[in-house]
C-alpha cells in the first residue's frame, strides 16, 4: 500500500516538474537588458569586468556579489567537519580506533603516489590562485588538494596528516576570510566590500581582494576536506562500541 | 559556431528533452531510491542523485543558445552578449558544497547505525516510530 | 565602531573559527567564548532594536552592492523583534548548559559548543537576511548543526533520529532549491523585495508550483503536519539544552521562513485558509499524540508541535490582532517551552528515567525545580496570571472577530487536552508515591539563574503584558505592510 502511494507521489512530482519546465524554454535568453540591467545576471555580466576587473564573472559572483553566501558555505563545510568529528571520532573516547583502515598497496602504487602527490598539490594551488582568471577557484582547488591527501592516506598506512598543523591552517584561513570581510566593513562601510584599486582585467593581480579571499577559501576547503576524509578512514566499521 | 547554431535550432526540441528529461529523471530515480530502498547506503546514494539532478537543472536553466562560459579572457573582453547566465552556476557551486557536507554527515550516521545494529537494512533498524 | 546587523553573523563565525585555536591555549575556551559571543548578540540586538524603532528599518548591504544586486540584511520591527528574542534565548540556553556534561573531555565539549552556537547564529541569519538564496544557505547551516547535535550522544536511537531528520531535511532543501530556481527563472532576481514586486508578472502555473515546493520544504522545517515525523525523535534524542534550542530557536526560524515567503513573496489567494487548516490539523494531531506519550521529552516535543500549529493558525487568520497574537505566542512558546525542557531534563537526570514514571514524587527531591516546572505547565496551558494566557486570549479574540466559531471551539478543545496531560505530569510530581533513591543531583547555580530568569519573565509578562505589547504591535504591523517593505528596500537604490 505504502509502495503505491510513494509511486503515485513520485509520478505526480515528475509530471509537475515536466509540465513546469515546458514553460521555461531551454536556451532562451533570460539575462535581461545587458546595457541597463534589470535582472541580476545582466548586472553581474556588466559589472564584473568593469568595476571589479575580474575576468571570471562566476568568481566575481561567488566571492564578491554574493560573498555572504560563500561565507555561509564555508561555514557549512566547517560545521560538517565538526559534526562528523563529534559523531564518529572522538580521540578522547575511542582510543582503540586510532588505527586507520588501509589495504596493503604494491610498490608501484606507492612510488606513483609519491610522485603524483606534490604535482596534485601544485595543480590544486594553481587552480585556486587563478580562480579569478580561469574556470576553477577555491572550492575546486581545495577539492583537488584533498584528493592528493586521499591518495597518500589510502596508499601509505603510516602517512599521517599533521593534525595540529591542519587545525591551525583551517582556523587561520577561516579567520582571515572573516577579517578580510571586516576590513571592507571598517574601510568602506560594507562587509566584504572590495578595494577600489583592483588592477587590470586578466592580470594575475586583479580583482582587488577577490584572489586573496579565494586563496583563503582554497586553504580552508583543502584542509577541511582532508580532515573529513581522515576521520572517515580512521574508524573501523563493524567494531562494537 | 554558426553550424552549431543551426544544429541547435534544428534539434531544439530533442536537446531540450534530453537535458531537462535527464535532470528530472535523475530527481525521480533518486527519490525512488530514498523512499523505497532498504539499504542505508543506497538511500544516501539516492540523496546524491537527487542533488545531481537539481544541479543539472540549475545549469540547464542558465544556458543560452550557443552561449560561452562567462569568463572575460583575453579576446573576449566585450563578448558579454554571448555569455550564458552566470548566476545559476554560482548558486550551483554553493549547492554542491552543501550537498557534499550533508552526504558526509549522512555517511557518518550510517556508520554509527551499522556499528550499533550490525546491519544496514532499514527494516531491521526501525526502533523509533515514524 | 558602528554596530550593524552583520555583527549577528560575523561575531559567532569568528568565534567558531577561533575556538579550535583558543582551546589549545586555554582549556575552557570552548565553554566561555560562545557565552561572550551570545551575550554580545544580546547587546547588539537591544541597540539595533532601539534604532529600528526610531528609523523604521535598517537595510544593511553586503559587499557594497545595493539591493537587488547584492545580498542585504533587513531589520524591520518584525525581524528585529524575532532576532532579539532568539539572541536572548540563545544566551539563556548557553547559561543553562554552561556546565553541561562536565564529565565530557575537552575536545567533545568543543564540538558541542561550536555546533550549538552556530545553530543559534544560523537561525538569526534565516530571520535577518533579505535574499532568498542566502536564506537557503542559513537554513542549511541550521540543518547541519541540528542533525549533528541530534546524534550527539552516539547511542543507537540518537543516530537513527539524526538520520531520519537528515533525510527529511535534505528532501526539504531539494524542494527549496527547485522553488528558488523556478522563482529565479521568472523574476531574474533573488532579492525578496524585488521578487515580491515582480510576482504579479509570473504566470500562475509556475507560481503555484513554486508555492507548493516552498510549502513542502518549509513545512518540514516548521514542523507542519504531516511533514513533522522527524521532530519528536530529534527533540527526544538531542541533549537537553539542544531540545530547548529546537523549541525556542529553530522552530521559530522555520515558522518565520514560512510566513515571510507566504506573506511577502506570494500574492496567492487561499494561502490563509490553507494555513488555518494545516495549522489546525497539526495542532490537533500533535496534542492527541502528546496525551498518549509515555516519555517526558517526547510529550513536550508533541506539545511543542501543537504550539507551532496554533501559531500557524493565528498567522492564517491574518488580521492585525491575530498576527499580534501569533507573535506573542511565539515569544511565549520560546520562553515557556524551553523552561519546560530545562526543568524536565533535571527530572530525567535525577531519576535516570526518561519515562513519565520518573516524575513520581519529584517535589521532595527538587522542590524549586518542581515549582518552576508546574509554573511553566500552567503558563503553557494558559492560566490567567501567566503570560501564556494573554497570547491565547488575543488569538481567540481575533478568531471571534472573524466569526470563526469552529476555530474557537477547536482551540478550547485542544486546551482541554493540554490540561489533561500537563496536569497529569504535575500531579505525578506532587502526589505520586516515590520509591526512595539515592541523593538528588541539585541543579547548578548557572542553571538556576537561567531557569529563574525565564520564570520571572513568565510572571512579569503575565501581570503587565503592556511592557512588551508595544513592540509586538509594531512587529505585527511591519509584517503585514508589504508595500512599505518593498519600497524601503528598493527605494534606497
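Order of writing sets the labels: A, B and C. Residues in every chain begin at 1.
Heads up, the rule we're going with is that a residue touches a chain if its C-beta (ideal position, glycine included) is under 8 Å from a C-beta of that chain, and two chains touch if they have at least 3 such contacts.
In this text, all values refer to a predicted model and were calculated from it rather than measured experimentally.
Using mean Cα coordinates as chain centres, the one most removed from chain B is C. Taking A-C and B-C together, the chain pair joined by more C-beta contacts is A-C. Centroids built from CA atoms put chain B at 16 Å from chain A. Centroid to centroid, with C-alpha atoms defining each point, chain B and chain C lie 31 Å apart. Of all residues in chain B, those touching 2 or more other chains are 27, 57, 61, 87, 94, 98, 101-102, 105, 109, 112, listed in ascending order. Counting partner chains per residue, chain C shows two or more touched chains at residues 133, 137, 140, 144, 147-148, 151, 154, 159, 162, 178, 185, 190. Among the residues of chain A, those touching two or more other chains are numbered 17, 24, 30-31, 40-41, 44, 66, 69, 72-73, 76, 79-80, 83-84, 87, 241. Listed in rising order, the residues of chain B touching chain C in the complex are 27, 34, 40, 43, 47, 50-51, 54, 57-58, 61, 87-88, 91, 94-95, 98, 101-102, 105-106, 109-110, 112-113, 116-117, 125-128, 130.
Chain C meets chain B in the complex at residues 133, 137, 140, 143-144, 147-148, 151, 154-157, 159-164, 166-167, 169-171, 173-174, 177-178, 180-181, 184-185, 190, 229, 233. The part of chain B that touches chain A in the complex is made up of residues 8, 12, 15-16, 19-20, 24, 27-28, 31-32, 35-36, 57, 60-61, 63-65, 69-74, 77, 80-81, 83, 85-87, 89-90, 93-94, 96-98, 100-102, 104-105, 107-109, 111-112, 114-115, 118. Touching chain C in their complex are the following residues of chain A: 16-17, 19-20, 23-24, 30-32, 38-41, 43-44, 47, 64-69, 71-73, 75-76, 78-80, 82-87, 90-93, 167-168, 170-172, 174-175, 178, 181-182, 184-186, 188-194, 241. Considering their complex, residues 1, 4, 6, 9-10, 13-14, 16-18, 20-21, 24, 60-65, 68-71, 105-108, 111-112, 114-115, 118, 125, 131, 133-134, 137-138, 140-141, 144-145, 147-149, 151-152, 154, 159, 162, 178, 182, 185, 188-191, 203, 205-206, 209, 212 of chain C touch chain A.
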